[in-house]
C-alpha cells in the first residue's frame, strides 16, 4: 500500500485543536492536581489519625486502579446520581484527582530524600521545627521532586489521550475521527504520534532547562 | 567554673546499651578530646550534650540548663553549644555567607547588617573570605568544614562540640581544619572534640578521655594518656593507632 | 428494561479479570525479554545498538499507549494485508511494544546505578564485556530493578484497561457489557475498580515482601520513573 498524507491537510486544524485541548486539560489538571497533592501529602503525614488514614486510602485507591475506570466512574456514574458533566470537565476532574495522588507520593519521597544531617544541623543551631522545614528542607526537597514532577506532567499529557474514550475531542479523538473519514489510518496515526512525541520532547527539554536554571546551587552538590 | 556536668549518663537504642553510666565534668575554657574505638559510644555521648539524642537516664547540665528536664528549652541550649558534624551538613541551597547568617537571622533575630558583618568576619577568620558568594557544592571538604565551623560560631556559643570533624577529609586537608580548631582553643573556647587525630589531641587537649564499650575507661592529661596509659584497653587501642 | 446489578454479574467481570491477568502475564514476560535486550543495548559499547534502542525507547515513551494500541490494531492489518491477528494477539503485541520500552529504561537505570567502580574493577580484572555484565553488573543491577519493576507490572495491569477500545473483553470491557445489561454504572465500575485494586495491590504486597526478604532498599527518586498514571 502507498502512503499518502495529502488527504490529511484539510483536517490539520482539527488535529491542532485536539492537541490544544489535550494541552489545556493537562495544564489545568497538573496545576490543580499538584496543589491538591500538597494537601493530601500534608494530610497523610500530619498528626490527625483519621485524616491520615483517609489520605492514605485515597492515594492507594487511585494508584492501584486504571485512570480509564476512574474516568468511567466520573463520566457515567455521576449522571446516575443526577450530576451531568461535559466530557471535558469529566476529564479535567478525573485527571486532577488522579494526579493529586501521584504528586502526593512524589512530595513524600522528595521530603524523605533530604539528608537527615541537614535537619540535625538546623536543630544544632537551635532552630524550631517549622523553621527547619521552611529554611532548610523546603528548597532541597523541591529540587529533589522537580524531575519527578515534570515527568509526571509528561505522563499526564500522554494520559490525556484516554479522554478520547469518553468522547472528549482531544488529539487521539481527532486522530480516530480523521482516520474514520479519510481511511488514511496509518498516515494520521503517524502524524498524531509525531505530534505527541514532539510535545513530550519539548516538555522534557523545557523541564531540563528549567531545572538547571532554577537550581544552579545543586551543581556538584550532594543532595 | 564547671560548665558541663554529665552524671551517670545512660543511653539505650532499643536493646543496645550504648552509654553505660558516663560521668564527666568539663570546666570553662577547657579543651577535651574524646578518643576510642568505633562503636565505643563517643559520638552518642557528644550528641547527647545538645539533645540530638535523648537521654535514657542520668543527667546532663550545660551552662545551668538541665537537659533531662522536659521544661528546658532545648533550642536555648543549642544556641549556647555549637556543633560541627563529620559530614559538614552545609545547607546546599544557600550560599556560604547565607549558611553562616541563617541562624543569627532566624533564631537570634539579629539585624541583617550586623549578621552579615559578623558572618564576613567569621569567614575571614577561617580563611574563606573569598568564598562568601559560592555555593557549598563548589567547595572542597576542608573548605566546607571550615564554613561549618564559622556557621556554628555565628551564634556566639559558649561551648563547641566537634563530632569527628576531620574523619571525612582527605589527609592533606585535615591540617587546615585542625589549624582553625587550634586557634579557637587558643582563644579560650570550651571544646569537646571526638576525634581520631591523636596528634591534635596530644598537642591541643587539656584532657583526653578514652572511651570503650559505653564507658570512660581512662582520663588524664595528654601526656598521661599517650605516654603512660594505665588501663590495658587504652594501651591496646593506642598500640593499634599510634 | 434493566435489571439490578447482582451477584451473577460478578461472573463476566471475573472472566474479564482473568483475561486481564493472562494479557498482562503474556505481555509482561515478552516485555521483560525484549526490554532486557533493549536496555542492555542502550548501555552497550556499540554505537548502533545504543542508537536503535534510544530511538525506540524515546518514541514509545513519548506516545500515548492508546495511540500505540490503535496503531497495532488498525495499522498492522493495513501494512500486512492477509495477516490475520485475533484481538488477544494484537493486544499482547501492543502491550509488549509498550512494556519493552519501559523495562528497557528500568534496566538501563539499574545498570547505571551499579557504581562505576564495580565496572572498572571488572575491566581491571580483564573480564570482557559479556562476562562483566553476566558476573559483575547484572547480579547487582537485578536487585535494584525490583522496586521499579513492581511499579512497572502494576502500570501494565492498569494500562491493559485501554485495550478495551479493541473490543477484547478484558476487565474494563466486561464492565461496559455489564453496565449495558444492568444500567448501573456505579456498582459495576466500583466492582471493576475493586478487582483492579485487588490485582494491583497484591502485586505491590508481593513486591514489598520480596524486598523485605532480600533486604533491598533503594531511594525511590533515584530510579526510573513510574511507567504510567
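Which chain is which? They are A, B and C, in the order written, and residues in each are numbered from 1.
Operating definition for what follows: a residue touches a chain if its C-beta (ideal position, glycine included) is under 8 Å from a C-beta of that chain, and two chains touch if they have at least 3 such contacts.
Which chain is which protein? Per UniProt: A = Amino acid ABC transporter permease.
Quick caveat, the model's predicted, so the values are computed rather than measured.
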item: Central chain (distance from its CA mean to the mean of all protein CA atoms); value: A
item: Selected pair, greater C-beta contact count between A-B and A-C; value: A-C
item: Reference chain A; chain at largest CA-centroid distance; value: B
item: Intercentroid distance (Cα basis), chain C paired with chain B, Å; value: 52
item: Length of the line joining the C-alpha centres of chain A and chain C, rounded to whole Å; value: 19
item: Centre-of-Cα separation between chain B and chain A, whole angstrom; value: 46
item: In chain C, residues with contacts to at least two other chains; value: none
item: Residue numbers on chain A that touch chain C, as the complex places them; value: 1, 60-61, 63-70, 72-73, 76-77, 80-81, 98-99, 102, 109-110, 113, 144-145, 147-148, 151-152, 154-156, 158-162, 164-165, 172, 175-176, 179, 185-186, 189, 192-193, 196-197, 200-201
item: Sites on chain A touched by chain B in the complex; value: 115, 117-118, 120-121, 123-128, 131, 135-136, 139-140, 143, 215-223
item: Residues of chain C that touch chain A when the two form their complex; value: 58-59, 61-67, 70-71, 74-75, 78-79, 81, 154, 157-159, 161-162, 164-165, 172, 175, 179, 184-186, 189-190, 192-193, 196-197, 200-201, 204, 219-221, 225-226, 228-229
item: Complex contacts: residues of chain B adjacent to chain A; value: 50-52, 75-79, 82-83, 85, 87, 89-95, 102-103, 106-107, 135-138, 148, 151-152, 155
